[in-house]
Structure formats: structure tokens, C-alpha cells
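Each of the two complexes below includes subunit A, the first together with subunit B, the second together with subunit C.
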Partner chain A sequence: MATTVPPPAAAAKVDYLNLPCPIPFEELHREAMMSLKPDLFEGMRFDFTKMLNQKFSLNHSVLMGPTEIPSQSTETIKIPTAHYEFGSTFIDHPRLLLWGRILTDGRLNARVKCDLSENLTFKANAQLTNEPHMSHGMINFDYKGNDYRTQFQLGNGALLGASYIQSVTQHLSLGGEVFWAGQHRKSGVGYAARYNTDKMVATGQVASTGMVLLSYVQKVSEKVSLASEFMCNYLSRDVTASFGYDYILRQCRLRGKIDSNGCVAAFLEERLNMGLNFILSAELDHRKKDYKFGFGLTVGE
Partner chain B sequence: MADSVVSIQYLKDFVNSQIYDDEKWAFNVKLLRAAGLFAGSIVLMRNYGDLMAI
Partner chain C sequence: MASRVSLKAKGKSSKGSKASEDRSASECLKEWTTWAMRKAKVVTHYGFIPLVIIIGMNSDPKPPLSQLLSPV
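Here is the complex of A and B:
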């Protein structure tokens, strides 16, 4: 009996007029950031979130531990501090988000995100302090097209910025940004590229400020990701590369990394019970001989 | 042929200036270490990444 050979599957034709919408320019490196930049801290941390109803929640945070202050010498200077932060969040999914946090030293952080239409989003954020000339505010308008995104930014100190990112193929997107800081009389331009498949994401970004940022994330399985990042600023002579892992398991999330400056870090979030998480943080800088350990508890969603 | 000799000399001068200047060499060592870690980690991830799966 003659066996029939199935015809080879035709390569899927790419419809260049129907490409997917790329991710926002500011989130280009998000997979690498999520795996390699956990919220490391030193000391004791306690977060409590109380949902008052489906849309509104209150948040209380306490952080006790040493805070580093910048110093001229190579030694790190730490001052023991204690913070209490009160915050509230209002989410009217998906159109409106209001978020605010205030600390005991008078610093206020606020964020607004509002969908003006299906494609146009308005975002604003502000950091207000008691110290003169240290408060900042910024507003963004984001427009989402079929296969492109564009953003326009306006900040205090005559800060103007714009970015654009376009899907070029099913996997590749290219983008660019420009900014102008009126107060400092500085301007800059940057270019970025992102290539992603189901198994990996590779991104690259260069800017006229002298920054080069490359990242690569390999999705080994549903639960495990490995990430690597290279950051170089040849104007400030600063180069760092880091390599890390991210294990997302049912009961915990474990992230760890090592970098080229001799710094090793790990961050563990363990789910003890529904709404109760235990967190451990460690950062060992062998070069500066600076060792930071932290522990904490997170209660609520 | 003369052009390529000139460019080789230019390259030699450039490499020497990067190696024998202390400040530049300190930066270049950091750059080589970081680039080696980045490239080596990508090779490791692509070839042996499945060993880390659970």
C-alpha cells in the first residue's frame, strides 16, 4: 500500500497590514525589569491593604530600617529611619485609576490614569515635597493605533517628550523617542528595538545621552524565566551587566541575580495563606562590603 | 595596499591608547567583564536553559 506523503505545510504568509499592536515604548524592557529588578529593601516592612468595596481600597505601610545617604567618600553612610505611609486606590476598571500615597515626612505621590476613548489614554503623576524646587509633575497622552503606539509627555521644568513605536513584523517592533528639558537646556533622541517570540524576548535601546541598554529574557517554561541585561553609559563611564532567574510557583515567587559589580541579590515572596505573604530580601555587595537583609509581611490583596 | 597599512597603524595606535591609559583601561576592564557576562549568560540560557526548568 503506497503511503502518501503529506504536502509540506505552506509558510504562513505575513499580512503586513494586520500586525499586532506593540507594547508601549516605556515598557520595552518590562520582562527583564520584572525579573531582575525586584523591590529590594533593608529592614522590616509591613504592608496592609484593606478593600472597602470593589473599587476603593486603603493601604498602610511601615518601613523600619537604615536608609543610605549619598556621601563623598567610598564608604556608605546609613541612617536608621522609620516611615509610615498611608495611601488609597480607586480603580473603576478599565477606564479610571486614582492612586495616592503620603509619607510621614510630608512627601505625596499621586497618579491618575484615565481612558478618554478606546485608543486615547491620559496619565498624570506627581511627587510633591516640602523642600522647595523638589516637586515634580508630569502628564502623558498615549494613543494606540492598529500596529503602532505614540506618546506625548509634558512635565514641569519645561520638559517635553514624545515617543513612537511601530510593529514591523509579527515579532519585531522598532521605536524612537525625543525629549527636551527646557530648564537644563538639554535635548536627546533615542532608538529602540524589540524582538519577541513565545520563548524569548530581546530588546535594545540607545540614546544620545550616552546610554546603551540591551536585555534578553528566555522563557524556559511557564514557571521559570532567565534574564540578562547589559547597561552602559559611556559618558558617565558606568557599565553593569546582570544575569538572573525568576521562579513563579504556586506558593511563592523567587527571584535572584548576580551582576558584574560583584553584587548578588535575592527576593522571595511566600504565600502563607490567602492574602498573607511573607517577604525576604537580601543584597550582598561584595565589592563595597555592604550587606542588606530585609524581612516583611504583606496583608491583603 | 597603502591605505590598509595606514588603517592597521591607526588600529594599533587606538588599541594601545585604550590599554596603556590607566583610566581608559579601568573602564575597558569593566566593559569587557560586563559584556562577557552578558554574552556568556545568553549562550548558557539558550543552550542549557532547559536544565533549570521545573
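Here is the complex of A and C:
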């Protein structure tokens, strides 16, 4: 009479053959990016999204405000611009995603994501302009295994890249990437690690281009999370540290951050009504004496 | 001596022509891929958004055509 009795420490024992699938390599710093890098803008912004059916939507967006042009001197030069952007999105979840946005000056941003099979995904994105030699395109092939993901990238200008990330324990995943840029004759290797639990996420990334990026996000409660990030480039001796908070409340979402470059920023999204959002954005750069304020309205889901 | 010089010259010219044939084959390939990429870029630039709109208008439930232009 053999009865199977589960071992008493079964709940605490890790099944190393059944680890969760890690998040994709390019989304490693996702929580820190979402908290510390909101979509700050200057001027007035109006977005209107119209859903024609469950899968298809059209998007109209107007942005009026000063845009910065790169200048050699330390002063920032801004010229006032206004543009209208038309976009269309088709999402057939989860198999196909088509996303396109076109601006009045002729720039097109396009993204395609297609599931070729259960584990293999094809992604492509392109930014096309009318100016010669300023267009970029990139194609990715992603393969998702049981507890690993790999990606192969091909871009214009002879850009090749590959990355691999593997779950090592229930909470820790390690990964690496290599890339080769033919046009600039550069190649590089990078390694990354991510440790996450329900309450916190810590990530680290090192690359042979000299970049070291460490981030830590702690979820203090259901509504509040705090994030910090440290970025340094040991070849160009450039260091930036930033701290930020993210309050997700019932009617609004408020994100703020302070930087070691003397930059303080905040971003508020307030839900006025169903489908109507009011946005306020502020970025104060005390070192460069550049103050940017923006307001806007987003209509539609 | 003149014949040896002419033979050498002929040898050089034949090698030169073979190298130029190889070079022109790879150059042809590069030219064709550049031409194809240029055409693909123009097609994508003008045709991607209309393609998404056509696929969306033909998905079901099929939205009426007036919804495409009306702001409500």
C-alpha cells in the first residue's frame, strides 16, 4: 500500500525545471523606465482616439509648442512648431499588431508584430523620412522557450544583434547580448541581471560601450512605488543618478523625479471622466536654465 | 620579344577582364539590393497606413465607411 506523501517542505522547494519565463531583454528596466521616464512634453497636446471596432482604431494628435534644435553652444535654441499626426492601429490580439503614425512633415513611424507560431514572433519597426539617409528600419525575430528567450535583430546600416535571457531561479534571471554595427565599425557585448519579487525589482546592466546601468524599484504599497536609477559611462566619465516616485491613485497618476543633473520633472494624468484625461507636464532643468511646461487633453480609450 | 610582351599583355588583360566580371557581378548584386530597398522604402512610406486602414475596415464586425471620416 504505497501512498504518496508529499514532502513537508514541498512549498518551499524550488522546481528548477519549471521556472517562469523571463521578461524580454529589452524590457529589463521596464519598471524603472515607466516610473522615471514619463512622456514629458512642452506646449499643448491634444490626442483623440476613435475605436471603430474592437480591433481597429484611428488616432488624431495635435502638438503645438517649442521644439529644441541641437546647437553647438551651451544655450538651448527652441523654435515654435506645430504638427498634426494621424495614426491607425490594428490589434488582433495576440496574433497581429499593426501600428502606424504619420506626421505632417512626412515622417512615418510604423510597427508590425506578428506571431509566426506559438513561440516565434516577428517584429519590425521603421522610421521613414523624406530626407535621404535619415530613415531607420529594424527587424527582430524572438523565440520564447520554457524559461528562456532569445532574440535576433537585423537593422539597416548593417546592424546585427542577438540577445539571450534565462531564468536561473524563481526570482533571478541573467542575460547577455552582442551587437555589431557595420557602418560605424563597432561591436559590443553586454550582460544583464534582473532580480524581482512581488515587492521590488532590481536590475543591472553592463555593456562594453562603457555603459553601466543599475536600477531599483520598490513597491511601497498598492498605490505608491519608488524608483531609483544610476547610470554611468566609464569611457566618457558621465554619471547620472535619479530618484522618482509613482503614485497610482483612483483618478490620477502622478510621477515625479529628481536628477543629479539638476533636473526636476513631474507628470500628472488626471481622469476627468470616462475616456477624458487631462495631462500636465513640467520639467525644470536648473543647470541649463531651461523650463518646460506642457498641458494637454486625451480623448478616447 | 614583342610576342612575349603581347602575350603578357593579353594575359594581364584577360585576368583584368575576369576580375572586372567578378567585381561587376557583386556590384550588380549590391546595386539591385539598393534599388530594391529604395523601392521598398517608398512603397512602405506611402502604403503602410492605407494598408492598415484596409485591413481594419475589412475586419469583423465591419465598421461603416462613414465612421472613417466622422469625428463622433
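Throughout what follows, the second predicted complex is superposed on the first by the 290 of 301 C-alpha atoms of A that agree within 3 Å, B and C clash if a C-alpha of one lies under 4 Å from a C-alpha of the other, contacts with A are read in each partner's own complex, and residues count from 1 in each chain.
We adopt the following convention: a contact is a pair of C-beta atoms (placed from the backbone, for glycine too) under 8 Å apart; a residue touches a chain by one contact, two chains touch by 3 or more.
It should be emphasised that the depicted structure is a prediction, and the values quoted were computed from it without experimental measurement.
S.K.: Now for A:Gln170: first (subunit B), second (subunit C), both, or neither, which partner does it touch?
M.R.: In the superposition, A:Gln170 contacts neither subunit B nor subunit C.
S.K.: Please indicate which partner A:Val220 is in contact with in the superposed arrangement: first for subunit B, second for subunit C, both, or neither.
M.R.: A:Val220 contacts subunit B only, not subunit C.
S.K.: Which partner does A:Asn53 contact after superposing on A: first (subunit B), second (subunit C), both, neither?
M.R.: It touches subunit C, and subunit B stays clear.
S.K.: Which of the two partners, first being subunit B and second being subunit C, lies in contact with A:Asn125: first, second, both, or neither?
M.R.: neither
S.K.: Where on subunit A do the contacts with subunit B and the contacts with subunit C coincide?
M.R.: Common to the two interfaces on subunit A: nothing.
S.K.: Help me check something: in the complex, which residues belonging to subunit C touch subunit A?
M.R.: Listed in rising order, the residues of subunit C that touch subunit A are 37, 41, 44-45, 48-49, 51-53, 55-57, 59-63, 67-68, 71.
S.K.: Using the touch rule from the top, collect the residues of subunit B that touch subunit A in their complex.
M.R.: By the definition above, subunit B touches subunit A via 27, 30-31, 33-35, 37-38, 41-42, 45-46, 49-50, 52-54.
S.K.: For the complex, give me every residue of subunit A touching subunit C.
M.R.: It is residues 48, 50, 52-53, 55-56, 58, 86-90, 92, 98-100, 102, 106, 108, 110, 126, 128, 135, 156 of subunit A that touch subunit C.
S.K.: Could you pull out which subunit A residues touch subunit B in their complex?
M.R.: Contact set of subunit A toward subunit B: 214, 216, 218, 220-221, 223-224, 226, 228-230, 232, 237, 239-243, 245, 247, 249, 259-260.
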